[in-house]
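Chain naming follows the written order as A, B, C and D, and within any one chain the residues start at number 1.
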């Protein structure tokens, strides 16, 4: 069968799959292919995780490969460090964003630095899976967007998928990476669906490459994770207003794909960064600053930011007012000084 | 002499003069959970207290079933039921004086309610209209705590502060078996013992942390055995025996009040429902185990005792049930109303004074709300353009 | 005596004092004035702290007011939360930047949010003193610039002095604040000296106001804490190159003084943000982005950043290559596209 | 059967059927630190071992004085001396097989040296030319750990991984009395016990955490009493009695090796010097206390024993001293040379592959270095424009 024919057949066999299923499949395939991969976390065993991402893994690979740990996040990540020191490749699940905070010291002071501290002698190929973001009606401490903390920590990769296929590809790549990766899973996309054939040969996306999800000429929306579908929707709605928006899904916050991003903004001359995380001190500042450094003379307007407000994450009944939505994105696009230039 | 100076002035001395700093023997728990109901000790139990415990258990169970029902009607975002654990919840509330403080976890709304908090306020967090539905200082009930074990150092700090101020205040902090594995549990107990803070730590060992059974959580003889490592007494009690829990907690509260320092109490109980309504317990435990615990139901145990002793007639039972039903009906009725929310509250109380950044953001949201109200679209609530005084 | 005369007398009585001494005096005066103030931390008692900032406090106020805690940072901050819940005003010392990480969960999930969670019923007036930054030859984990983590957390104030007088004034204001403040003390300025009269009535600086340390017309250096003296030096050196640089000491990262900063940059038309913290995901991104948002049409060049490299903090013998110095700042100033405009 | 499935299948059963999960009695430490030297047990001690311990103690003391001297000459950024604690340091090194792993804290460079690591490599961190001066995998010595107690979960994870792989490897992790207060201590011991990981935790209780004495650190009868709360044995040993520490650690290592799980050992010792050369111990402790411990010096204790038994003649003593002096001379000589540093190493090993951002930054630094080299200024080292292969 030719590659084209194979691809066509694979596409035909594709069935709707959720992002959670694709993530689970990535774990399964990693466990199957590489005996040094171990999954550990709270409730990842028989329960299959509170989001069911690890469903079936303990059954298929045994408790030694997919392990329910005691309830202690620093302990989980700390023991994962030890396991990685011995040559294993641990994949740690943090149950929710805010419950990764107890492991912060281990993450910052050890995970991120061990390779550097030992001049390359002891890399730590650990993947830390962190469900993040809101929009699922979670009560407090269940909806934080904590990516700014990880971005500010040299030595970590920070990756986040927005599609079912990327969920698989990026998680495989993260587990295969010889560096520690904080793998941020957008909670509200866990149940998002796409046609996907888990048995077809899957593309393993390289870490560190953004992708243009929609080409456009008026302005660029720079976004990632849970905000990607929102930006796509905004771009569709913008057509009616006469704007042809380009949408860039960053996919990897660290390393940052300056090339793809700058190329897009140079083309369009205008940009809005969109994310759920608080605006102040959030990822958008870094992104806007580096785009401006690189594209200053191409910019018709300052790079604007649409972000969560600078408040603790709100209670479920109010979260829709906090989360960047289509209208707020279009409002920002409207402020891109259209009278000023092209 | 200040509080901090009251401690022994132990200094490490060369090993020839070494001695244990305290005698470990009295700190160790008994080999069996302490029980009252159905034992000789029951004879000494205060009948009035047993009656109050009974009324509260029945009310507590009804509260649990009502809250669970509210999740099905979409009136609560989530509910972690304490069905089966009512003896612990109720006893924790009843042993405290008004001036004492309770530090509940997410599962312990019942303890707050049994202490007198309005159930609607107790459930605010779980309904989702705000994080904490009551004024903690007014009720001496700390906010329901979700990040596991993080409330324990708070309890220690508060109790310590009260002692520094010379106030007669005890703090009782609640945590689950799973929560004992967290570093904050360790640090809190250690601070409490070193500072001799008037705190009681109540661990409800309900057998599970979501799906994870106790044997994957600890290899200790019992959780109460952890106490000796901090130099405080550890007590093991049958957590479904309301009279026993009350007695053990009362003793611990008295000891704390009298300057005797903290106590760790492990109450052995069982979580009869799933972790929350969102959980599927059949994935990790069998019916048989759950059924076995039904014989040891806290209401059943107390009812048996009261009945045998002729303390429970039909009138009393009816009155207790009536009170419980009235509470449930009121709760149902009030939870069925939509809470009155003002989105502008998002910007309230982030800081004592709003920063210029928050003022800008509030103005933005206000404008959005006004615009959508003008559009006649079913405006996103409270678009009156003013912050509520809430 | 007139105010002017009194001021003159006070100035005359001024003697050289170090920043560490001014901080200690601020603690002392706060303890003396307000019986609810309590100092706690590791070695803050008889030792007086590893930087001697708390020297003498236990002696003067007793162990109940200045308390050596067990060695557990989450426990220290967690008990401080409880103390504040009961109406006290704890001032917590973290021994070094990286040793504040174990307290991260308490800081993020409780300290920063308690006021908001309880709708104002339970504010937490806690000051967390964190010695930060490098330049003192410290071995690993003793020189982190962790301000980005705190800036990204709504509900915290983030304050950092650069002068002896500000050390006193800002710490007094932080302790007096009804909000939690992360008070970042630039380690390498602990021994910096200025003439200062501790017995003169001291200005208590309000939190949230930047100050122009040097006026200039060519470009603005936006900086804070340990980098302020470096920028002042750079500004002096720049004179020889024909640049008249303005230096703004931010003093407070949260709340951010947009007014002072934007006014300066609008005046000069060019800006460089200077800090020790890693560049990527560091404070500079936020600062550059918000300056650009506000001053876009006044800018002759993109706002540039001079920051620590995106690496784990280096060992003592190499740190001078990492820290932004005068040359690196002047190189950045030179890149501000002088041919392009005014 | 997999490793994880070997645990008992304990399930919480209703309190009528409750039982302690393990017998606490054998887990509790004795009331006195175990001693060998000067006791009857000494008769059974292996003479060859005593001789080796002695040589290492003398060498260790010399190492400590030499390292301290190097701080005065500005050749070390800082040195936390283990003077007085050599028995623990040396015994920890000697009980391990080659394939076992050592997890030292910042104070434990001597343990690494006693295990055979080049002292210059051990001191790299404290000299300040790089963070870790050796390849941890080559030597089975984890990087010297500064953030307190954070190395303990690493030891557990490594030991667990080895067990999963079927390798016969034990991990020995060292921590101070102050470090036992950290949450990571708690979490590590709990994981170790639940997983029955082959780890030995050695707490050197040297009386102080910088200035804070033990009585402000804990109210426990002893630190070894913490063990029962995790379900592992706790052992108390005279930390200045090298033979006793060796014996207790050997037993613990053997138990771990044979699948018996972890042990917590508290060695009671004393820090004779200040916390580091930068510390001023007179601020928080008196001379009398320090002097009292001089009688209990680890070298003295062993010397007395060896002399009484006629195992230490002048030749032997001279040989031991000679060896120690040779080590010190070599160390001094090599530490007096400036290390050869390349600033471009800053960008090495942040990631497996340099990111484009780091490449840009490396280019910037390279240009700066070249410029300053050209200026003829005493160029900031290694400006050859290439990353070293270091």
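A few notes on this one:
Basically, contacts are C-beta pairs under 8 Å (C-beta built on N, C-alpha and C of every residue); 3 or more make two chains touch, one makes a residue touch a chain.
Computed from a prediction, not measured in an experiment: that's the story for all the values here.
Seen from the Cα centre of chain C, the chain whose own Cα centre is farthest off is B. Should one ask which of A-D and A-B has more C-beta pairs in contact, the pair is A-D.
With centres defined as mean CA coordinates, chain D is found 39 Å away from chain A.
Distance between chain centres (mean CA atoms), chain C to chain D: 36 Å. Separating the centre of chain A from that of chain C, both taken as means of CA atoms, is a distance of 32 Å.
Multi-chain contact residues, meaning those touching two or more other chains, occur in chain B at positions 130-131, 147, 181-184, 186-187, 190, 194, 216-218, 345, 350, 355, 357.
Residues of chain C found to touch two or more other chains are 69-70, 72, 74-75, 98, 101-102, 105, 109, 113, 116-117, 140-141, 154-155, 254, 256, 280, 310-312. Those residues of chain A that touch chain B in the complex are listed here as 42-43, 45-48, 50, 68-75, 98-99, 101-102, 137-142, 279-280, 309-312, 314-318, 320-322, 327-328, 331.
Per the touch definition, chain B reaches chain D in the complex via residues 7-16, 18-24, 27-28, 31-33, 35, 181-187, 190, 193-194, 196, 205-208, 213-222, 225-232, 238-241, 261, 268, 270, 289, 292-293, 295-296. On chain B, the positions that touch chain A within their shared complex are 77-78, 125-131, 146-148, 178-179, 181-184, 209-212, 216-218, 279, 283-284, 339, 341, 343, 345-347, 350, 355, 357-358, 361, 365, 368-369, 380. Interface residues of chain C facing chain A in the complex, by the touch rule stated above, are 74, 98, 101-102, 104-105, 108-109, 112-113, 116-117, 140-141, 144, 148-149, 151-155, 254, 256, 277-278, 280-290, 292-293, 296, 299, 301-305, 310-312. By the touch rule above, chain C contacts chain B in their complex via residues 38, 62-64, 67, 69-70, 72, 74-75, 77-88, 90, 102, 105-106, 109-110, 113-123, 154-155, 157, 177-179, 208, 254-256, 258-259.
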